[in-house]
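Each structure below is given as structure tokens.
Here come two complexes built around subunit A, the first alongside subunit B, the second alongside subunit C.
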Partner chain A sequence: MRKVSKKVCLLGDFAVGKTSLVRRFVYDLFDEKYISTIGVKVSRKTVAVPTVDGAVVELTMMLWDLAGSEDFSQMRGSYMRGAAGAILVCDLTRPESLANLDSYLADLRQVSPQAMVIVVANKSDSPDQHLLLSQVEAGAARLGAKCFVTSARTGENVEDVFRNLGRTLVEL
Partner chain B sequence: MGRLVDAAVDELVEQQAGPLAMQMLETSGVEKSGVETGGMDQPPDSHPSDRGDGLEEDEALSTLQKILLGTDRNQIETLAADVDRLRHRVDDKSALAAAVAPILGEAIRRQIQDSREEIIDALYPVIGQIVVRAVSQAIRDLARSIDEKLQAATDFQRIGQRIKGFFSGVPDSQLALRSALPCTVQEVYLIHRESGLLLWHATRSEENSADSELIGSMLTAIRDFAEQVLGGGKDRLHQLQFGDRELILEFARYSYVGVVMDGVMPTGFRWDLHESIYAFEKESIDFLRQYKGEASTVQEAARQRFEPFLSLGTEVAP
Partner chain C sequence: MNSSIAQLIFSEQRMAYALVDQEWIVQDVSGDPAILWGESTQGDPIGQSLLALVPELVGNEEAVRGVQNGDMERLRLESINRTDAQGNTCYVTLLLSPCRLPDCGGAGLLFLVQDVTEHGVVQQELMQRHNELRLLQQRMEWQNLELAASNTELRLMNEIRSSFISVAAHELRTPLTSIYGFLELLQDSGYDNLTAEQQEHLGWIETSTERLLTTLNELLDAARIDSDRLELVLRPISIDQVVDDALLELEPRLSARRQHLDVEIPPDLPQALCDPSRMEQVVGHLLSNASKFTPDGGVLALQVHPTTSGEFLRLSVADQGDGIEEAEENRLFERFFRGERVRKNGTAGAGLGLYITRSLVELHGGEIWYENSPGNGSTFHITIPVVEPVVLPQSGAMASVLGG
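Let's look at the complex of A and B:
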């Protein structure tokens, strides 16, 4: 079986759920506590990805969960270097988190212009949503990316996001 | 006989238990017989009634015992169970140690705080001996290592070392000492410079090896962090030290190598590493320039260049 490794960065404002998405995907866990990521946290998950020609590729995704806080914005650029893919995460309860994805994408394009991008609107389980699906889709279209609506708490669509990105990365 | 027992029971009950006992006897179905009700009229050889009397007396006695001694018996049984448990715990050394350990630790801590000088005076001779012994052993190992090297060296090597010593101003003996210092390479990581993806990895011990792919990425993140925070340009992070263990880094254009070692880096090691990484890059430049995550094609080239580092140096004494 072909073995491929790819670097994937998770970008977005603080507390949108980047770390929770990774925890859900890698460990199938969710923690209500919020602990701000300092710098970057790297996780790894290996998945079997079918290709268009029917083969199966063993894809190892090195997930770089970058701190969303402004304090770490200077270092983010170097952490994004060499990324094959990126997941831009916004929070359905905070509309400004969708608008801010533009700047993250701009930073990413400076160091990894070829990176494949997916937009994820997280916290679909929350009753306090302020973003409509149409707004998210419009935002993603502006960024030239597919979009998914997820809940790291319930696990809704989390696996789909990473597998979808994985299939795209393997075809590169 | 039955009449005598009856009399004894009645007397005991009246004296010890009082009205309550009498009531309990009555409710339990034990009949008072003999003395009060004219039991002397019963024929002495009447067997069924004798047997009946005997049973009733036993029951009465038993009931009386329960009344008088019940509470004490329960307490004794409880105490016996506790004693058994304690005996078990004492007999089982590991359980006893586990029970005593927390208290012992706290007691020692307090004693050290309260009587620091006395503790130091008491331990000093013991610790001193341990240190002396360890240093002696290390010196003996070093001397043995030097002797082995001197014996194994050919004449030409010895002459070469002397020449090196002459021109560098370092005595021959010190050069021999320097090359005899223990060093063990534990891990070698070859990492794609930009993405931090692992290209190749070798370890001396599989069981102690952590997730090499994660380490490759984290090392790259640490390198990036150091460059951002400390400044001064790229590729300036040459080593990380943790206790007696060092992580030596050597950078080329598209890749870098990290070597984890215990002990003192041998002379010329870093230069050999530098040469190896550049030779590897030269062989694999096209692959590295367009690296897309599949490292299978460079495994053999990496193994040939970097696996020999695992066997470099001398063993660190345990």
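Let's look at the complex of A and C:
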């Protein structure tokens, strides 16, 4: 079985749920308490990815969970260097977090112009949503990315996001 | 440098390093392995690939190569989160720079790690508080926007409702006025040709028409008040005249119920500055209410005095009713509010009288309040501005009499 490793960055405003998405995907856990990330945390998960020619590739995803706070914007470039893919995360309860994805993508393109990108609108379980699906779709289309609506709390679509990106990365 | 001194510095600074050859294979290490490799510390690192030991370098191969080739001066990754053996988060800074030491072969690398957990924990706590505050601020901004939007919507709905009431009341009042006019003509021509029963029916029609007109006028006034369209025409007038005009309409009712009204208005009061017809409406409503709640044969009282400041007249109307129920006190001046007792005894009215009265008093710059004595009646007080403030004698006895 072919083995590959790919670096994937999670980008987006603070408290949109980047760490929770990684935690849900890697450990299948969720913590209600918000703990802000400083710097970056690297986690890995290996998944078997079927390819179009019927083979299966063992893909190790190195997940770089980057701090969303502005204080780390200077370091972001060094963290994003070498990324094969990125998950741009926004929060359905905070419309400005979707608008801010443009600047994260621009930063990414500076150091990793070829990186594959997916937009994720998180917190679909929240009753307090202020973003419509159509707005998320339009935002993702503007960035040239597929979009997914997820809930790290319930696990809705979380696996799909990473597997979808994994398949794309393997086929590159 | 003496190696023991170097060891001491490295230990004090919580630093450790590894030297790797041109194939990125670890050749030498110095310092705490937990600092170097974090949770991935397993066995002897010598002879292992640096990439296998440091997951943070996976994906950064190109940059590592760049450092090795001299294309990049160094690769520095700050505030890398790791988990220690106890499961706590720790923070390290990774530095990779070219190394030309003979031990490393031709183009080796120095991999230097510094544990910055102490600084990182403080930074994380600050960031946590900062982010929580920003989240709270964003939520509040959003709630403010939502409140402003619903406020606008409510205002719009209120305007639509007021406008509807106004139009409907106008449309209804025109034919009613006509009916009332023809009734008066019938009265003028005499009821001689009518039977007693027909005369009684006409009496009912007249009473009902009057009531409908009163209700429509109240609805129109309430709509004007709600949309700030009620205007006053202020002029100086004697309060006696206002009270007399209000009593003209009330006297038939007082006679019918054998009620007596005690009026106490001292001479030489300053003139009131008010819209006479609106103030007559206010006084008329207070007297009408007092009559409504006073039993047949009872006594009502109306008093007027200057207030202590001399800038207002205080007009008080007392009844001998049952007083106001405690549960209803806070709602008395609300639009469309009708007390339990009023509803039960079938007293007519839309529940707008006191709302309009309060609004009219306040539009004049005055105040309205009441004293309640459950079982013994209530007294309503209003203040009406005067044209020229009255200069009151300073004697204590007088001041206590005129308090308010």
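As a convention for this text, the second predicted complex is superposed on the first by the 172 of 172 C-alpha atoms of A that agree within 3 Å, B and C clash if a C-alpha of one lies under 4 Å from a C-alpha of the other, contacts with A are read in each partner's own complex, and residues count from 1 in each chain.
Everything below uses one rule, namely that a contact is a pair of C-beta atoms (placed from the backbone, for glycine too) under 8 Å apart; a residue touches a chain by one contact, two chains touch by 3 or more.
This one's a predicted model, so the numbers in the text were calculated from it and none came from an experiment.
Chemist: Please tell me, clash or fit, for subunit B and subunit C sharing subunit A in the overlay.
Modeler: On the superposed model, which is not a single observed complex, subunit B and subunit C clash.
Chemist: Check the residue A:81 against both partner chains and state whether it touches subunit B (first), subunit C (second), both, or neither.
Modeler: A:81 sits against subunit B and subunit C alike.
Chemist: According to the stated criteria, A:4 is in contact with first (subunit B), second (subunit C), both, or neither; which is it?
Modeler: Only subunit B is touched by A:4; subunit C is not.
Chemist: Taking the superposition on A as described, I'd like to know which of subunit B and subunit C A:36 touches: first, second, both or neither.
Modeler: The answer is second: A:36 touches subunit C but not subunit B.
Chemist: Looking at the overlay, what does A:94 touch: subunit B (first), subunit C (second), both, or neither?
Modeler: A:94 contacts subunit C only, not subunit B.
Chemist: Given the touch rule stated above, what does A:71 touch, subunit B (first), subunit C (second), both, or neither?
Modeler: Second partner only.
Chemist: What is the contact status of A:130 with respect to subunit B (first) and subunit C (second): first, second, both, or neither?
Modeler: Only subunit C is touched by A:130; subunit B is not.
Chemist: Once chain A of both complexes is superposed, is A:44 in touch with subunit B (first), subunit C (second), both, or neither?
Modeler: In the superposition, A:44 touches subunit B and subunit C alike.
Chemist: If you stack the two complexes on chain A, which partner ends up touching A:15: first (subunit B), second (subunit C), both, or neither?
Modeler: second
Chemist: Looking at subunit A, which partner touches more of its residues: subunit C or subunit B?
Modeler: After superposing on chain A, more of subunit A is contacted by C.
Chemist: From the superposed pair, tell me which subunit A residues show up as contacts to subunit B and also as contacts to subunit C.
Modeler: 5-7, 39-40, 42, 44, 60, 62, 64, 75, 78-79, 81-84
Chemist: What residues on subunit A touch subunit C, complex-wise?
Modeler: 5-7, 14-15, 34-42, 44, 60, 62, 64, 67, 69, 71-72, 75, 78-79, 81-84, 94, 96, 130
Chemist: List the residues on subunit C that touch subunit A in their complex, please.
Modeler: 55-56, 58-63, 75-82, 91, 120, 123-124, 127-128, 130-132, 134-135, 138, 142
Chemist: What does subunit A use to touch subunit B in their complex?
Modeler: Result: residues 2-7, 39-40, 42-44, 60, 62, 64, 74-75, 78-79, 81-84, 172 of subunit A touch subunit B.
Chemist: Sort out for me which residues of subunit B touch subunit A in the complex.
Modeler: It is residues 192, 194-198, 211, 213-214, 217-218, 221, 224-225, 227-229, 292-296 of subunit B that touch subunit A.
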